[in-house]
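Each of the next two complexes has chain A plus one other chain: chain B in the first, chain C in the second.
Up next, the complex of A and B:
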């Protein structure tokens, strides 16, 4: 009995909340707890999981990246251009990843080597990346017809959620990098005490730069998958993504100021967000209200989460 | 102490004016009528919205951190005022008051999250931005409101003496109030003190939470005022009027020499920054720069000025140390 209690106690509050929501939504619609709906949820949440992991890394290191949504957009457009040019799928992934890494590298360069505040830098680059995206596409979406490429993000045979599988693989690699590599260890060292890390011989400037470049890189990969799933590269598709990603990271227990956090928690935040978003359709909230309600819920959840973690620290 | 401060901040201030001068010369080269009375008046009128936004943004940044919801609160102020006049046939003065009140409330919400819940400003205000935008969309129900009262439009569009617009007058009123507030009141001193060293401020008995709260309420107020002025000028409102202003106002404030670290800078600098920004936009119009590239140019400007500022400060600090 005691053991069960201990186990129950260790389950984060967020999981109970997610379960509660699932129960509410499933009573409202008989379609909710079907495999088909699960597939839709998985496909929708998959890309956000990767972008939120990128945000988590940056936040653990004590920074912030407001340009992730713009990188997602630009990476998708680069991939779409590559596909239309007839390049094979692996090369398209490479180009998406490179675009992301270069964008992230620009952020990292200014933040780490020039000591600029992260939010100003990434807000500025957000403008630059969106501008580039609009110029590259001539303000119109690039529709993709390439069959082989579309398979990456599609739901094959109405059964196999490919976007989810790709993102899950990537997510596992990200967890591995966080837990088992020097990069992951330095991430926490820089977030916890950058000066201490520097004095103990960590080349903090270089690794901080790498953190932003890595966040850009995985966002670029996510962009390729997103483009394949949506079958179009839209020049404003990334709007708001960075905020949702940051919210998921914070909901997953990543803290803004002490180098605390874990990408493994981020998946809970992503799950919550995806369930709420789809649930709003289930309980028939008019679409015009949905951004307002989602925004309010996200802000309230951050307020709640930050208060709870502050109590814990006390 | 004060003398030292001025000598160290003189060089950055000079560099701002140099930038402004370069832009003006550039404008004259592009188009000889750049310095005509009418174009100057137009530029001033166009700058008015940015300057008003900048006053609150400067106070917020000096005290604590950036108010990234400025653009959305601007939209909300305009939307509330517009809908009260259009759908509820209210007198424009009452509608304006309601719009300003909405701005103050949103500012208070920001202040509460930052000062009392202790969420960093750039996250809480960035989040509020999206929620507020959502509600503005709900209030407008997807429509565009247009053609308002003559007397309301006079605030934004009227001209006095053929080259001073009413918008400029509004701007001057708010700017004067802001400068007096920051330079001549204890509140202003407290803002600088909280911004430069929060712990020291607390030790000397300043209730920094209250100061931050007030600073963000002011920022909400000026953002809403800018939104109302925008509606009066453009004679129409939709749910994205403020979204392009966020980058512009941040660029103006940082270009004006307000330090991103807080505790340093001022409204006068922001005015110079806003004028420079407006003329940059004016030049881009004259050069027919495609509209999609404008945010990119402004992004470059933001990073460039902050980079320049950081490097200049480093040099000054080195020189002082020697």
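Up next, the complex of A and C:
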């Protein structure tokens, strides 16, 4: 009996909350808890999972990246241009990843080598990346017709979507990078105590740069998948993504200022957000109200999460 | 009951405090008379800080009674106890770096009318307070920019703005050098004259007789004994603290002085103002680096380790000249370690685990092509936990949850794991208890016996004298004297460390 209690105690609060929401939504609509709807949820959450992982990495290292949404946009446009130019799918992924890595690298360069604060740097580059997106597309979305490319993001009846499989694979790789590589260790070392890391022979500047570049790179990959799903590269598609990504990271237990966090927790944040968003449609909340309600719920959940983790530390 | 209400400023009777799983205080009694300095001693984790936090109202006790000037206290709330005259200066200072001195002193009750602060009045009052303490501090200077010693004086002044009856000082001299300690002591004496009682927590034996009237010793959350200072000797204090005879604190085995491993010639640095530093270190010896705080010892260590740049001079390690542009990583690879003085800020990442901290500086040896070898990592971590006798529930424990002594052992493990041959210890025993100190000393001695070269920066004179084979004394960013351990005494070292002492050339041969 005691053992069961202990196990129950160890399950994060967030999971109970998610279960509660699922129960509420499914009692409101018989359509909610169906296999089909689940597949849609997976597909919606998949891309966010990757962008949120990028945000988690940056936050663990003690930084912040507000330009992730803009990188997502720009990466998507680069991919779309590549597809329209007739390049094969693997090359499209490469171009998306490179675009993201370059954008992230720009952030990393200013933050690490010029000592600018991450907040102001990424707020600034956010504007630049969106600006470039407008220039590249001339304000029009790039519609994609290439069948081979669209397969990745296609919604297939009764089958687990490709987009989800791709993102899940990428997510597992990211977990491995966090837990099993030197890069992962340096991430925590820099976030926990950058000066201590420097005195331990860690090239903190270089690795800090790499963290932003890496966050950009995986966001670029996510952008390719997103573009395939939407069948269009839109110059403002990324708006609000950085906010949601950061929320997911924090909901997953990553802390804003002390090098604490785990990309494995981020998936819970993503699950919560995806479920709330789809649930709002199920219970027929008018779409103009949805952003305000979503924002409120996220902020409140974060308050909850932060208080819970503060208690744990005491 | 006899009339003892007025005799004691503070009377704590049978205080018990329980935290989940630990009895932090177990039936502890403690009292303080007006105008007395009562020293509180005990190893880390003995319960000193918890007891003081009860007195300052940060914790409510689970049992026992607290009287202040005879009045029974039932409300445990920091603001309330501050009003009752209890002031506390924590080990980590609580000044706000970007406010000026006067603003810090009056932080919780700035004088003025309505919303406006009476700045002139505030600065005048602050100056008055400080000059009462015979301190020359510019009240307009930002608190973060003044020296540590002055910051501490500002803390004292801050406590004095309240109607102070009792001042608790937690290791006030930990960051101070000789002269600064003297200044602090004279302030303490003037507080005594005003009838203020002082509770003084310290790990430094020599301060007990200098400043203390009575001493209370605690161990494992329990009250052990109270004595008048003149009635009790150092050995007895130590054995009461650790509950066993500790024997000779400083370890000195048969060390074999070998060939020169590190040679520094005419090193100068613009940024840290190091001037023409020449020194050499042999295998199998411990070289003490003595001097006042600010003499340039830490700066020299950082230059040798290439954390900070130097412009002139050469560093030769194992016969190979090191490039000026070498990085810290390269220095580690070549076999130098620097164990920094501030373990919380520079030595450790408190939020990470014991294991992550230990391998932090030697990830190269536990990984290939960027991927970590968990098996190898665990092996190394377990080896050092055992070798250094780190008491931790497990390798995955966060370092934050360990005691100071065990944290320091983790720092040592981290630097030993790099397989260094020259190890620079910067204040290796600051803020750790006697038991752990002894372990650190025997560890350093063993390293020297194995043929490693050790440079030890220390402000603790008995430690320098007890451990070193040779001693370099620094003053004003240069080395002013080299002494053999046999010819060194506390007085000789101090006379070179202080300005205007005897000329350097006069007595080269003693």
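The rule is simple: the second predicted complex is superposed on the first by the 311 of 314 C-alpha atoms of A that agree within 3 Å, B and C clash if a C-alpha of one lies under 4 Å from a C-alpha of the other, contacts with A are read in each partner's own complex, and residues count from 1 in each chain.
In the analysis below, a residue touches a chain if its C-beta (ideal position, glycine included) is under 8 Å from a C-beta of that chain, and two chains touch if they have at least 3 such contacts.
Everything numeric in this text was worked out from a predicted model, so none of it was measured.
In the overlay built on the shared chain, the residue A:198 is in contact with chain C alone; chain B does not reach it.
Of the two partner chains, chain C is the only one that A:185 touches; chain B does not reach it. Number of chain A residues touched is higher for B, counting chain B against chain C.
In the superposition on chain A, contact of A:296 is made with chain B only, not with chain C. Within the superposed three-chain model, A:260 lies in touch with chain C and out of touch with chain B [touch as defined at top].
Of the two partner chains placed by superposition, only chain B is touched by A:116; chain C is not.
In the overlay built on the shared chain, the residue A:141 is in contact with neither chain B nor chain C. The interface of chain A with chain B does not overlap its interface with chain C at any residue. Residues 64, 66, 110, 114-117, 119-121, 123-128, 130-132, 134-135, 139, 240, 243, 246-247, 250, 256-257, 288-296, 298-299, 302-303, 306-307, 310 of chain A are the ones touching chain B in the complex. By the touch criterion stated above, chain C contacts chain A in their complex at residues 305, 307, 327-329, 331-332, 338, 340, 345-352, 356, 359-361, 363, 367, 370-372, 374, 414.
Of all residues in chain A, those touching chain C in their complex are 180-185, 188-189, 192-193, 195-203, 258-260.
Touching chain A in their complex are the following residues of chain B: 66, 68, 113, 117-120, 122-124, 126-135, 137-138, 141-142, 247, 250, 254, 260-261, 290, 292-300, 302-303, 306-307, 310-311.
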